[in-house]
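The same chain A turns up in both complexes below, where it pairs with chain B and then with chain C.
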Partner chain A sequence: MSLHAQHSKTSTSVWHFLRSDPRLWAGAVAVAAVVLLAIAGPWLAPHDPSAFVGRLYLRPNATSWLGTDVLGRDVLSRLLAGGRLFLIQGLAAATFGVLAGVLLGILLGVTKGRTAAFLLFCSDSVMVIPQILLVLLILAAFGSAPLTLTIAVALAQVAYTARVIFAATGRVTTEDYYRAARAVGMGTGSLVLREVLPNVAPAVLVEYGVRLSISFVALASLSYLGFGSGDVDWGAMIHENQGGIALQPWAVVAPVLVLAAFLLGMNLLRDAVARALAARSAR
Partner chain B sequence: MTAQVAELSIGVGSDGPLIVDGLELELAAGEVVGIAGETGSGKTTLGLALLGHLGPGLQLRRGRVSAAGVELLGPAAATGSQLRAARGRTIAYVPQDPAGALAPHLRLEAAFAELARAHRVELSPDRRAELLTRVGLPGDDAFARRYPHELSGGQQQRVAIALAFCLTPSVVVMDEPTTGLDVTTKLLIADLARELAASEGASVVFISHDLPLLFRVAQRLVVMHEGRVVETGTPTALLEHAEHPYTQRLLAAWRLGGSPAPASDGTRQVLSVRGLSAGYGDVQILHDLDLSLGVGECLAVVGESGSGKTTTARAISGLHAEHSGRILLYGEPLAAEVAKRDRAQRRAIQYVFQNPWGSLNPRRRVGASVAITAQYLRGLNRSDAEALAVQTLRDVGLRADHAQAMPQHLSGGQRQRAALARALAAGPEVLVCDEVTSSLDASVQADIVALLKQIQAERGLSMVFITHDLALAGELAHRVAVLKDGRLLETGPTRDVLAHPQHDYTAELVRAARLAG
Partner chain C sequence: MSRTTQVSTRLIIRRVLTGVAMLVTVSVLVFVATQALPGDIARTILGQNATAEQLTQLRGELGLDLPVWQQYLHWATGLLTGDLGTSLASGSPVAELLRVRVLNSLTVVLIALVITLPLGLLLGLAAARRGPADVGISAAVQTILSLPEFVVGIVLVVLFGGGLFRWLPPTSPLDPRQLAWNQPRLLILPIATMVLIALPHLVEATKTLLREELASDYVRWARLSGLGDVRLLTGYALPNVLGPISQVAGVTVNYLLGGVVAVETVFAFPGIGSELVAAVAARDIVVVQVIAIGIAAVLLVTFLIADLIGLLTNPRLRRSR
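After this line comes the complex of A and B, so read on.
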């Protein structure tokens, strides 16, 4: 009961700061629009996304509102069909990556000692490899099925999240309330759940926002490079049609606009939440 | 007269509450005026107003401030370059944090040169050397070529003072210039302010919440409370007949009370520390320390920052395992690490932390924080523990509904009471209080000390009271142990140590503590 009351209390005060932030509303509108497009798109598509509806690189016309692509398929239909898997993959990759990173970061932060220092060193070493390269290495070894791709992107996030949460945990474990909890004899599990987790929650939330954006960017980049896993895919659309950009710009511009709106919206949302959390803790 | 404040009223915005309310003040040359008052009394706002500066969101409602013929605040106030010319030259400022006052990338000589250049005056190296010597620092060029980070906090503050007096200003405002400095350094800074005011013919406005220090430094005291001057007079006059209840309370908070008589015959020891040495990595903090605590006794461990007081307290509580030597509870040796002590041992020794802002989990209700001790250490179920928490919060002078509050909604004094309640909820036998009053305002400190006294008497607790303030130790403790550089310098009944200190260092601490008397 008291836990519930506590949650509603903190969320109202964060909400108090969020409500008046235009970034929140702009971001929410952009993200919601793209998510709706991706979810409802496959049912709304006027054509089969892989059917040939006319000559290649047709300008927008009555049957193909955004024209046709390099193989004469309908750009609008491909745009509407290309988001679902992309969004699911990004969401899943960020969620699993952050969960694993938070777990690792907190455990290393709480246990300290030589083993923890060694594991942190290993985790830091992974960060030396550029993320895209790391994912490409995994894909080269295990193939690029949708699940493999998701796991690869998730793994690429773990070290970064672990580093951030390790630092946040370190700030908690040097506080007196953490010492007080140790002094009453709390075990490691209780220390993590009752002292550390509630106090690193804001950092986790912001980190999750960052990792979502980065996962989506990584997935779109991989598709563009030709390592995407879907048949229809926004990143892949850009890749396929860039040769005809002078003849039929819409085949490239449309997916670029959708991706840009989505990522910009994500960043605005995350920024608004981060600022609201900072404003609350500054009070 | 060097400066005048007339009918000054400053408030938040154009219709918010008043921070400074109808204030009158005249400063004479060569005089040190002490401004006393607690957090929120408007001292700092007054200090900044003397510089012609209003804090963010503040507005001048009425009145004026002028210094040496220049109006700094008011209807015809100087602006722009006039105001800039007055600041630093006519009226100078010594801020609370000396590290923030000195630009970290400028050598000291460059800091002096920059000040002179800003005011288009020539500053000879001789004048700089003279000023540095006057504030008790080496006047040679090698010292002037140091960077701020190569100085101690006290030295930095002296440089800030030398800079303030550099262009022979009429008024120098010192805003809490001794916060964060050691007792002995504090005294040096206070004496320096007084000497420089006399020799340079400047008025010094010395803002502080530290009443004993103000008694030493100021010729005239102005006591502020909620934006008003409630009392003004010479220190001696105030000590003899303070009229305003707030001043009386403030004074009562600082007077040396009669030290408690020894509590026990010393035959039964609840806690003893034998040959305790401790450190962090390669740095050894404590050297072979012996302490003992009788049943129902309060032992004050006194020393400056860095003397190893907190490390001692943490080692006793099992929060600093990196130590050698033995800690005995009723003759039974305790494990170094708190997790390896059994429940009865953990219950018996309870720690109250210095900083009430960090000692309560900010994401948990106060009542729950108190209840956790009872749950873990007394094996109570949740509802019993919560009932006990409410009862204990009442015992320490909080209300039952404070149990439902988040820590950030309590004041510092209330939080410290809650932290005390958390310790008491365990039903301890030894209470380890680590500088529990040092981050609180003077009158709140007095309340907490009175509460500790009462609780100790009621519950027959033994107490280790860690403090840098011998006056406070005299208030509470039956015995005193003086620590310096991690070694025990002397120990004995409080009365004896205060009356006949064996060491020069102790004598100095006693002198510092006796300032009020």
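After this line comes the complex of A and C, so read on.
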């Protein structure tokens, strides 16, 4: 009972900061709109996304509200059908990447020693390679099936998250309460669960937001570069219709606008949450 | 030799050695990720219908039947002696395949860097003073930061390459017989995209560093003694953050080199980025490895130079005369 009360008190204080932040509402509306569009889209689509409904690169008209694409398919229907896999992949990649990174970061943070130092050096070396290159390396070796793509993007996040959580863990392990708990003989397992995890949780939350954004950006880019699922997809739509920009800009502009609304919304949401957490810890 | 000089020499040697160790680590990682992990490259190249003899022969040609560490040593010594190997997809030497493309990419990246660095410092300086300039610059910075690199390029194409205005060519298929430098009209949009990609990070970091400096005691004392904002920023805060800013400039190169992949693809620009994408699609790991190591090596040298500038401009390590 008392535990529950304490928990709800902390979340109210974060919510108190969040509620009055216009960034949160703008971001939430944009993200929610795009997510709804991606989930309900396939049922709302007026045409079959792979059916040919007219001549290629038709401007918006009565039957195709956003015109037709490079092969004469309905742009609106493809836009509505193209978000589901993308959202699932991004969510999965960020979640697994952050989980692995948090695990590695905490592990390296609490077990100081030669092995930890060596692993940290390797992880830092990985960060020298630009992220898109890292993903492409994995795709070159293992192909670009949707699952491989998701795993590759997840793996590319691990070193970055590990770095951030390693630093956060380091701050905890130099605190008196941690030393005291260790001095009275608490094992590493309970130290991690009871002292480290609750105290790095805000850092994990902020990092998860960052990794979500970066995973979505990476997946959109990879599908634009031609490593997507081969199915309808916003990144791929932009790529295949790029040659018709002068004739039928909507085939490119529509997916760009949806992607931009989603990613900007994510950025605003993340920013609002990070500010609220910082404001709470500053109190 | 004074004591301080010795200290900074030792620091410099240490930093160089760390750089070399990182390059070795990166090369091992690149090699392991592409070649040593389970996953049959020979079958990938030849496809599912390959016969057993064909597979064995290709494995022999690629040296895949040797122990992994021997494969790595063979590959690494090849790179060091300038033997970059033969492309699996085209059969031509990698060095020949990449020569013109490296020049093309280098042209775009260097011009973008020369534009980005002063512009980024200037905008960061302008945004460090709170006010309408800060609000406008920060909004633009956050917008670009949240978009993928290719979207920035596409937006420029839609605006200036045919969608709205038809001022510039929407793609940049360079003539391979001429230097990129001699085809300036084809370079404008790719370079503009690169600048827009790299600028936000530099502006944001400069702003943050200057704000921290402005909040420090010595600046507040200077302000109390009657110095104006502009004087404080340029005369006091800026010189003190040059070291950290040189490191941020190093990171700018990182964003530019990562950006070549998407930007060159958007504009069909014949550089190492678009070649990398083609090589990955063709599963041409020899080319992929060389490009990855090349980019990592350039970045490590850049970070090294940036750190050395940071060490040398740090007043606490300044040589006593």
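Everything that follows uses one rule, which is that the second predicted complex is superposed on the first by the 278 of 283 C-alpha atoms of A that agree within 3 Å, B and C clash if a C-alpha of one lies under 4 Å from a C-alpha of the other, contacts with A are read in each partner's own complex, and residues count from 1 in each chain.
In the analysis below, a residue touches a chain if its C-beta (ideal position, glycine included) is under 8 Å from a C-beta of that chain, and two chains touch if they have at least 3 such contacts.
None of these values were measured; they are calculated from a predicted model.
Enquirer: Return first, second, both or neither, reflecting whether A:176 touches chain B, chain C, both chains, or no partner chain.
Expert: first
Enquirer: Just chain B (first), just chain C (second), both, or neither: which does A:195 touch?
Expert: Only chain B is touched by A:195; chain C is not.
Enquirer: A:131 contacts which: chain B (first), chain C (second), both, neither?
Expert: Only chain C; A:131 stays clear of chain B.
Enquirer: Give one of first, second, both or neither to describe whether A:256 is in contact with chain B, with chain C, with both, or with none.
Expert: A:256 contacts chain C only, not chain B.
Enquirer: Counting only touches as set out at the top, which of chain B and chain C does A:46 meet: first, second, both, neither?
Expert: Neither partner.
Enquirer: For A:184 in the superposed arrangement: first (chain B), second (chain C), both or neither?
Expert: Once the two structures are laid over each other on A, A:184 reaches chain B alone.
Enquirer: I want to verify the contact counts: of chain B and chain C, which reaches more residues of chain A?
Expert: Touching more residues of chain A than the other partner does is C.
Enquirer: Shared contact residues on chain A for chain B and chain C?
Expert: No residue sits in both footprints.
Enquirer: Please output the residues of chain C touching chain A within their complex, sorted ascending.
Expert: These residues of chain C touch chain A: 21-22, 25-26, 29-30, 33-35, 37, 39, 41, 44, 142-143, 145-151, 154-155, 157-158, 161-164, 166, 170, 254-255, 257-258, 261-262, 265-266, 276-277, 279-281, 283-285, 288, 291-292, 295-296, 299-300, 303.
Enquirer: Quick one: in the complex, what on chain A touches chain B?
Expert: 2, 6, 9-10, 175-177, 179-186, 194-195, 198-199, 201, 283
Enquirer: For a test of understanding, state which residues of chain B touch chain A in their complex under the given definition.
Expert: 314, 317-319, 338-339, 341, 343, 346, 350-351, 353-355, 358-365, 368-369, 372-373, 376-377, 406, 408, 422, 426
Enquirer: Considering only the defined contacts, which chain A positions touch chain C in the complex?
Expert: Interface residues on the chain A side: 121-122, 124-126, 128-133, 136-143, 213, 217-218, 220-221, 224-227, 235, 238, 242, 245-246, 249, 252-253, 256, 259-260, 263-264, 266-267, 271.
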